[in-house]
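To keep things simple, chains are lettered A, B, C and D as they appear, and every chain counts its residues starting from 1.
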């Protein structure tokens, strides 16, 4: 297609990277022209590196992506936009280096999410935070998306904050295996079992939401002043993080009002018509037995967050259950939607790669 | 053995009933002499009814139990003590009928747990509630044990209430399949999935704890004045309910103090030396990855509650994870321990069957 | 669309029935105009009966199907073609009654598969068996498709029989949960377990293949003269039956020749271009770790059979692994493809409903 | 206990090694006095190395074992008997070195199983193969036990060979996760899935049985002259390998005779009363739905092999299902029973360490 811009993908051979290659296939705005896997894989084609992929690679990724030569992440890049699905262990200094070279880096890694000047963005929730980019002093620019569990939680909290105010949140997560990357927990450890701890996850759940739901005041980002208490669990599910949430509202609301707030959430980018934005940001399910990971994770192509069991909370104001597709809405789709937002707002030209 | 008393078991062929038959095998105080299954099974022996049992029936239940003839629950009973593992759908009026006939009924059913004059007892926590029996106007007496999830939660809350006071609790449970009885959820529904709703479970979690932790004042039971908010989930685990708990204390305490309170919990019946009481009521695990259902459910023969991940709570005071063997500590062992408590306190003679 | 013919579906609310409704959505030749569920559900709409369906019913089935009124299976039917996804327990006499009333009944039920005059058809393998219909003495006609496991096995055996001859077969199956219908085995029975027996399955595996691969001689069907030994297991997989097969060939062939036979299998209906026929009937996988149910079951929309691990057999001639999507290629898609075959050969007009 | 002899354990911290430490606890003949883990772990105590063990380490292993210092496998050893649970990758040259130093090495590793002069022994089946030790030219001696799947298969074949003769065997296995060691397959790969390939497993299943069931002729071992065809699968089960077996007998026998042969199998060491030998070598189950891994693997403390579904085979003579606890009967218990056999036959004194 004409007018497409070139994008490169770092960390292309990991779980999130592969999902991104799949979602970039046939993308109306972006053309995947360069890829890097782990440093050791440079030289292979993407197709050779994913030959054992869990599906028919050609049907999933397309012939063009399969033939791309894997570069080293530290190589020079031609594309103005770099999508980073790098593991946090290597993303930190490398991403700084890349924005220093003038690229727009749209990152799924956690390394820079909480950096003061780096926007942590869910397009429907806080696209105004892109204003932070004006203060970044790099030749390029860096934008990040949140942790996969945080994304589901914040999308549910956003309309509540807007309509009623949020004062406190407790959340217990039942997280899917694909969120652990490769290889993740062993089957011998997971069989007839659940794990009560995911290193680093509760810390993200208790700090990222406040940044995303924070407000810009005089160019400074002020975190939203509510506390989150999190309990993260790993369960034997392939994809889909389920979350049991209780919220203390600033202004009391009954469950019907809260359900209406979820269902009516239009988000801040409705008119920008981004290609990866779902028709419905939140789907409210009335069946008490829903949402369930296997049955509901794919709604809206994996970009719709499902909410159910909206009911009063004996301790706070309202209880409900959230389901987010961790790999799509919570990672690959999140990064892609951020890239689309940047493109729609002219950030993939001009300043970048100047 | 001499001096053993006869006990009968109603609901013997269900999941909890079978577990009770197993635990009664070789019991030093009780001799199982009569059993009833579902009404339709009367006439068969217990052995015939459980021929397809999930283990070697003879090794599990013993020859004597296998040869017992199944009665109809509504039949006349000879034993002074009746253990009831009946489903709630039939336990309600039947248990009242049986205490009317002079038996001590020790019930695992939910039907009468919240009845004002019926003690809802965990022996280590509130044995003093047996005083309610003095006010029961039946020829016999009725005592109940709590829901399986409630049992784990309350055992963890008991030392906290005693030492610091409890003001509010949120709990999310990941409950095992055996808690659903037979047949329970289908494998097709559970595979690659979790269920966000267990009918009736959250209601029990938000009302039973306050009764158990309540105080007797002038012969009246006053419920403890704290609120519980619960989210119950079913997960693909055979046995063992995991619970993520956050607690607001009346008097602040740091995690080290709380962990010490758990580890030091001796309970109220330490000196009565009941046969089914575990050496340790609570085991505190220091490994952040524990407790886990498969690895920790069998501690103390299934009667020890495991607690781990004691850490500060950003919203309340303290967060931790509880694991309880739902079928042992939460059901069969709970009823048996109650029967032992009654026996130790002379309630299986005298008044009963007078 | 013009020229579409009306079809009715019996057993529409079961696992196979729902799959058929889904596959009939937007079908170029057939228009679903009548449905029946279980006798008790008559009066509801199809949409009401599947409201709790495991996916978004509207996205899956389409608005038109959801609004169809459920009839009783024994009612009068207007459509000339009846697809039967009835359980075998009711299909037997009912299907005879329906062909007696002049309908073309295309059945997935096992009741009449082995009846001498009833063709048991996999379109790519034995479409010539439709000639048996000429001898059926009903006003209508009855055609059946094989058991789900049999379908995968026979599609793999067909090219071997053609090129080398088949003298004996042993097969061990690892069958998915969806093959058991609703509710199927309980999660408590399947967790950390496999089941070594599926009632009736081995009998089908040892008799249906010989009929399908049999030859018509003078209008009489002669079963192929080879023996099959089967071991059927149920495993914790959602969809996809895996089969470990060893074959004694009439004429020795090395694994490379056998793999070539699989890959080159074009089938007998290549030129009829049936809408549900896959591009590739058999996909041969070279990775020793494949096929795997979750990774390969959806090839060709679930209609392609995957074969891997083609290697010598120390006892017979060749060993290999087969994977078939039990619900698509093995049931709903099998019936639909048979209906399409009948339509392409003019059997849905003329004689039927005369 | 008096008269106990000292044994050392190499590979103590792996899955099989831990099981051996557990089974050596309180052993009447053997006292565990030395242990080695992986080379990197030398210096730690065994207790430190298994601190995160999947159960309460003290309850499982005992205080004494936990306090043993881990040596390097290549160190000098004091105990006359060395149990080897080493991975095959290191067992090969190291075990030869150790027998060269005069030890009796009882190995579970596959490295030397098929060496001509090394006995591959299941005590109940071929204890006479110990005669091969007389020809070993090392100062010490080396004896091995078979692969875990082979052990179950051969125990079932032994009485058939004796009574009817065995001419050919096909076997399909559904193998548990613990057979893969640590970490084994990832949960993300196993969920909603089975694996059709276990590297090296089929090769062992098609060669080891013939050696074990072979005969000594003039001091030379002649392999039994039958062929085995194997299909090995990995399934989501914690412990317990299930096997679907078809056998061609030399002399026809009906299923009742075959079942009687299984049930009547007494083995060759009945009178030696080895501590780890089960009362019943084979348990024949009459329920068509059995054996099942979770329900039957622990029979006889994991040392009894369960057999069920004995029925005619349309291709060979008889079909049946075998279940073996891979970690006990198939590995740790197998090595321990071999060590006990050697001890009972005086092989742990005299020649060894001379």
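Heads up, the rule we're going with is that a residue touches a chain if its C-beta (ideal position, glycine included) is under 8 Å from a C-beta of that chain, and two chains touch if they have at least 3 such contacts.
Since the structure is predicted, the reported quantities are computational estimates derived from the model, not experimental observations.
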{"item": "Between A-B and A-C, the pair joined by more C-beta contacts", "value": "A-B"}
{"item": "Selected pair, out of B-D, A-D or C-D, that shares over half of its residue contact pairs with B-C", "value": "A-D"}
{"item": "Most widely separated chain from chain B, with each centre as the mean of CA atoms", "value": "C"}
{"item": "Distance from chain D to chain A - Cα centre to Cα centre, in angstrom", "value": "49"}
{"item": "Distance from the mean Cα position of chain B to that of chain A, given in whole angstrom", "value": "43"}
{"item": "Chain A and chain C, separation of their C-alpha mean positions in angstrom", "value": "41"}
{"item": "Where chain D touches two or more other chains, by residue", "value": "191-192, 236-238, 289, 294-295"}
{"item": "Contact set on chain B toward chain C in their complex", "value": "177-178, 180, 182-192, 236-238"}
{"item": "List of chain B residues in touch with chain A within their complex", "value": "168-170, 172, 174, 191-197, 199, 206, 227-229, 231, 233, 235-238, 242, 244, 246, 288-295, 308-309, 313-316, 319, 321"}
{"item": "Complex contact set, residues of chain B against chain D", "value": "51-52, 54-56, 191-192, 238, 287, 289, 294-295, 298-299"}
